[in-house]
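Two complexes come next, and they have one chain in common, chain A, joined by chain B in the first and chain C in the second.
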Partner chain A sequence: MSVRTEKRQSLLTRIMNPKYMMVYATVIIFLIIYAYGAIRYGKSGFTTLRTFVNFFTDNAYYGISAVGMTMVLITGGIDLSVASVASLTGMIVAYGYERMGISPVITMLFSMLVGIGLGALMGAAIHYLNVPPFITTLTGSFLARGICSLISRESISMNHPLIDQLAGTKITLYHLVDGEWVKIKPITKIDMTVIIFIVMIIAGTILLQHTRFGRNVYAIGGNEASAKLMGLPVGRTKIAVYAINGFCSALAGIAYVLVVKSGWNMALLGGELEVISSAVIGGTLLTGGVGYMVGTMFGVLLKSVIPAIINFNGTLSSWWGKIATGGLLLLFIVIQRLVVSYTERKRK
Partner chain B sequence: MPEEVRKQTNEPQNILEMRGIEMQFPGVKALDGVDFFLRAGEIHALLGENGAGKSTLIKCLTGVNHKDAGTILFDGKEITPTSPQNAIQMGIATVFQEINLCPNLTVAENIFVGRKEFKRKIINAKARELMQRFHLDIDVTRPLSYYSTAVQQMVSIARAVNIESKILILDEPTSSLDENEVQLLFAVMRELKAAGMGIIFITHFLDQIYAISDRMTILRNGRLVGTYDIGEINKLQLVTLMVGKDMENIFDLHPVQVAPDAPDTLKAEHLGAPGPVADISLEMKKGELLGFAGLLGSGRTETAEMIFGANRPTSGKVELKGKAVVVKKPFDAIMNGVAFCPEDRKRDGIVGDLSIRENIMLAVQAKRGFLHPLSRAEQNELADKYIKALSIATPDAEKKIGELSGGNQQKVILARWMATQPDLLILDEPTRGIDVGAKAEIQRLMLEMCKDGVSVIFISSEMEEVIRCSNRIVVMRDGKKAAELTGPFDSETQSKILQIIAEGGEAS
Partner chain C sequence: MKKKLHLILLIAGALVLAAGLYCFASICGMKDAVYAGYGVSFSDAAFQSVFMNDHDEAAVRADFNAAVLSGTGDSAAEGTDGTEAPDGTEAPAETEATGAETETAPAAAAAGAPYDTVIGSFSRVSSLRTAWRLQGIFLPVGALLCLAGLVLILRGKHLDFASIMRSKITWAVIAEILILIVCLIIRPDFFSISYQPSNHMLYGNLIDIINRSAEITIIGMGMTMVIALGGTDLSVGALVAVSGALALKLMRWDPTNPLYQTPGDYTVYPFILVLAVPLLVCLLMGLFNGMLIGRLKLQPIIATLILMVSGRGIAQIVTNGKQYTTMYSPFRWIGQGSCLYLPTPIVITVVIVVGVMLFVRKTAFGTFVESVGINANSSRLSGINSRAIILIVFALTGLLSGISGLIYSSRIMSNDSNNAGLNYETDAILSVVIGGTSMTGGKFSLAGTVIGSIIIRTIVTFVYFFGIPADATMAFKALIIAVVIVLQAEPVRVWMAKRTERRALAKGGAMK
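Take a look at the complex of A and B:
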């Protein structure tokens, strides 16, 4: 008996570990908003599984990019080039097939290499030349957007069986009714983009939590000078993080192509801020050192659930969504500050 | 006392032999033919004033700097450490005064990051075991930032010890620890010594050197003075060797005479705030020096902060110069002629990137308000005056304060508050982490200010300093005023204070 209570206590202290507080805050706020929607609009279908899955579908490409962004933010950096790189990816794929007749398989792989290469280049500039990440990646953003416009200044819509097939690949959800598998009503389907999103979140979690690389990422964000003195491979890790983020941007660009089936030089304009704010709402500290993939996932979901509520309401202007997101961002920055000052006060 | 430079002999048990180390910095020879020998299983104190070359010698050994000449034999083989990482791999671990860990990682992660052990379960178990060896029962899965500086210091030592190192360098490890924690650290050091590790111990606390070291090596101005067994020379001889002057002379300081009818500068009655301090009453006359003795965390700093308005008292009242005042924030105190030099010079005191002149001006300008700026000529005059008066070692007033040595930084901060011409000056640990010569100078300056009619509150962990300079001493214990002793003090005073701190009672 006594053994059991002891075990329970240790579980409680494990759960109450202050390092998870921010993630809890995100999840709780998501649940509160979801509960509000469920109570107000439960009858009009807010609580269905389809609505829930749509939270993922709506912002899946931002979510994919946010996986890489979370890592960058944990190291204490920032990457403003993600939306431009994603847009460039779309352009490469669309232009490659429609104007040059290259198979999307090749252009997709090529654009991933471009993303990784550009990311690694920016990472190297940040580490070796000591250029602030903000400036470096802003430059990278201009470069990617510029190349994009150089390729074509108008939107290129594309029509390729592979793209259609990928975009059409959906997992339809069934449930068991009286011993028979029937489709969930209303019919709920999981898109390819959502699958990529979830796979990336899982992969990101494993990378951050269960590898040496992940621990080095956190260490660098905590105190880069110390990390160096502790003998950690700081340069290598930082470059790898930006390269991974470049890969995520390209993947997000591919996911975006699957949704819009076109390439456009002005696509996803300002999207980097959506991505960064998702990660921050998910509890990632802009000062580095703190952040979890699960939190980022809920950050992305929070950015879907608010427009959903406005949609269900039907009378509100959609700009309320922006205002609510802005308010939420502010709230989170305040909470983060409170948590940080609380732990500072806690230590004597 | 031996007059000639004492060379060490070649001994088989030497784990480290550094010979003829030379190091040239622009304009100054930091090390000039220094020999240093470390045996396995000994604690070897490395001593010298700031700028004597201790840090440079350690940096040569750990690969931060590269020596210009000389040889380093480690375990009989010649080595040339290229980077801290490289030194760690060879088995030379260093714990610096500043904690070089990641606050966001857990205790266990901090100990093991970059090592071959990686799985959370394993490192948590190992870290728990390691911390228990340090007699610390803490949750190793919490972030490091959750714990006090002392615990963090222990964790950084645990990390260093965990590397299979043969040499452990402890650079001022005790400056942020209280007496119990120091004892804990010493216990661990003795264990490591018994296990055959060679420990290089750098500290400014002379008592600690005698408490734990086996031998000591003294440097002065980049040259070797000598290596001695611990019983060979006493403290006085040691300081004389370090400073190169007679200690009796440099510390020939006496409390200032205060006229019995001098007016009160400060009268505080029943000051208290929940938590740190309760019911403190103080009275100070013009030109008096009041010493605060007590352990770290006994409420010394908190009391000073209440008088200065950095912490608001919830009870009690304060009178300055016979006038009741309400001090809500430091600015109120400054306007009433109170000045406060905080404890953590690096964090709360200096603005590292500003020049000496700008650092001195800060408080004066704040007091005058930004609408009444000091002209550049006035600033220069003021800065030059204090650089001269306090003999701050700098080519000119425009040098960045961050580039000065600790002792000189402290003098600049003193100058900052002296320039406001305060009636009451509170100095919290002004002599911590600076060398003996500079300590004596700071104390002399305090006493000179007293002569000029300034009342000074002097907080220090080094009891001898407090006893030497104070007219009266307040002994703090657990947030309360345990006793107040009135001078003149004698050789018995220190044991009396210690007794009060230990037992809490009023000494008879």
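Take a look at the complex of A and C:
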């Protein structure tokens, strides 16, 4: 059972498959905005590799969470609890070490279990009780945020060698100059969160594109009723998807702890919509059935290019960032809409 | 028999209401006597601190005398400590108060003794105490019974126990009553209502709950129909911020002044304009949402996400990131004033709820919305202009968010682009769902949404009232909502309906 047993088509037709159009659109718009930045602010350092790597670093924790969110959206669901679960993770890790003296390794594993458990619980409620995902995960979000506040109402900063070491683990990039390896200037470092982000994107791609589970996910998103009639394990898959998303949120929380080195009950407030909009900008349809990890990655990158441009400009206020993000979102869904209606017309 | 039940409900309600009013009047009588005899208003807080905390007659006598003689009833709470002088605002009142306190209670009683002239005996104290507790229970219960009787008479429907138990609203009402009963058990005077002559307004926890739920109820009216169409509107919170920002900007804007702003106690533009522009802008933003969803067929969640994200940015740009404050009194009236002895937001809410209900149920509009929500295509084929319906519903939601934003900013007398309307979208959606409207679209219940929004506010009040940290409200909200939603979930209700049916069958079998 593999994709390769399909009838071989020419490379061009396979690449130009309309189902990838959205991903291409995302990539192209990213490139256009990047090119604009490069032309406008190239002299002040927009084109350096460090700026590019920073696109990943800025929103790495959103990206990690977006991996799970993409899967949830492909099944046709939605998860509003990701930011709260990430914040809860940060709180568990920080409180566990600073107030109870538990090693971060144990609290990290524990918080991953919490994330998986909460995700599976919500998935079960969605599947077996038929409660809309929106409401279920909203309740889950309230619960996670409330527990967070019950643990502590103030920010707990933490200081542990392991966290410092993890946060300090960075890969410095070198390049070859006259047969000698020299550090790229300005010094470019890839830190732990970016590594997790990229690993998760790759893992997500493999899971979605090359496993039976991934095909089940797409099938459920395409049409849940027919997936059920085909004998696919709908309930199990849906619960697993929400559990994976819970795991991703916990991982995103850990990445966030590595960045801010503290736990706060109101951390990442509103982050769930950042994550969802990244996935949507990346071409995932909220109706389910369509979506790619690569697109999601570019969606996350797009979300950090715009603030970067506003930063380089220096005169625009950060409020314009919000408006620009909204405008971008509008642009994308209109493109999405056009692509979908185009393919529908073509099919007819 | 069934006709009689309506009448029984109505008469019982009227009797209970009358008993509640009698209790209310007896407390008011005491307060009036204080006012007539000593020229001092005796406030709610003072009443509680004097009559509810101490059971000993001597203590009540001393506290009462001190509270009345100190000039302001409010300072009685601090005055009970005895040693420190109450921070009275008027100088003569203060000297009197210190005089009353340096002497002992019997001496004060001998000197003029408000306690002996107004209260008279300790049995009066205990009867006042009971009246204070009972009026809070009698008034709402009586009102509810009367309302239930009236609704039954007006609807002319027969009472069918099974259909009532199957209705989602019933469960919402039961949940609300259970929470209130828990409140009542913990604080026996939780329901008490009192009248504040200085503001011409009734005070009490129940009134406060309804007052504070006004914003969500108003938005919920629109949100109910949005959800009945099968969508959600995430932008309402941002529209609340936009409306507040615009109102405050216009109120403070003065082009003739070198600072471009007024000191805050008058407006250059007519007040009607100050109110109309934010509402118009919110209406247009709602129309924008409706266009995206109706014309471009975008998904409501993502289409409204655009304004949710950029709306707060727009609000910031309108005010240039500033936080204006105002002291303009007509504007204060919207959120803090009183109308018909009730806080104005309650009256506004009632007007809007009744207006929307009439519009939706007395015209075919509600049926159209339900039809589009169930199947947009087939309703289009049967001649309903589903685009126009979607446009109207989203524009209405925008307008209602604007009204809610005016109320919110009038409460804080300022604009706050970051926190105004924060999480209103989730609260509104939750109140709709708790009220029994299904997220999948179709049938909707506006009355259910009102109850849902009151439930949410009750939970919050409950949490504040009993000193639970405010941030932990969310955990309680989540638990209670989880219970309500699980009870309302279709499989659970089907299971329960089957169980009751089986029982009925078993009973019938036994009887045969």
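The working rule: the second predicted complex is superposed on the first by the 339 of 348 C-alpha atoms of A that agree within 3 Å, B and C clash if a C-alpha of one lies under 4 Å from a C-alpha of the other, contacts with A are read in each partner's own complex, and residues count from 1 in each chain.
In this text, a residue touches a chain if its C-beta (ideal position, glycine included) is under 8 Å from a C-beta of that chain, and two chains touch if they have at least 3 such contacts.
These numbers come from a predicted model, not from an experiment.
Contact with chain C, but none with chain B, is seen for A:78 once the two complexes are overlaid on the shared chain. In the superposition on chain A, no contact is made by A:176 with either chain B or chain C.
In the superposition on chain A, A:289 contacts chain B only, with no contact to chain C. When both complexes are overlaid on chain A, the residue A:15 reaches neither chain B nor chain C. Judged by the touch definition given at the top, the superposed model places A:219 against chain B, while chain C stays out of reach. Applying the stated contact rule after C-alpha superposition, one finds that A:231 touches chain B and leaves chain C untouched. In the overlay built on the shared chain, the residue A:320 is in contact with chain C alone; chain B does not reach it. Touching more residues of chain A than its counterpart among chain B and chain C is C.
Remark: chain A residues 13-14, 17-19, 212, 215-216, 218-219, 221-223, 225-227, 229-232, 289-290, 343-344, 346-348 touch chain B in the complex. By the touch criterion given at the top, residues 78, 125, 128-132, 134-136, 138-140, 142-143, 145-147, 149-150, 153, 265-266, 273, 276-277, 280, 286-287, 317, 319-323, 325-327, 329-330, 333-334, 337 of chain A touch chain C in their complex. Interface residues of chain B facing chain A in the complex, by the touch rule stated above, are 84-85, 88-89, 96, 99-106, 109, 113-114, 118, 139, 141-143, 145-148, 159, 297.
Residues 232, 234, 292, 296-299, 301-303, 305-314, 316-317, 321, 426, 429-430, 433, 439-440, 469, 471-479, 481-482, 485-486, 489-492 of chain C touch chain A in their complex.
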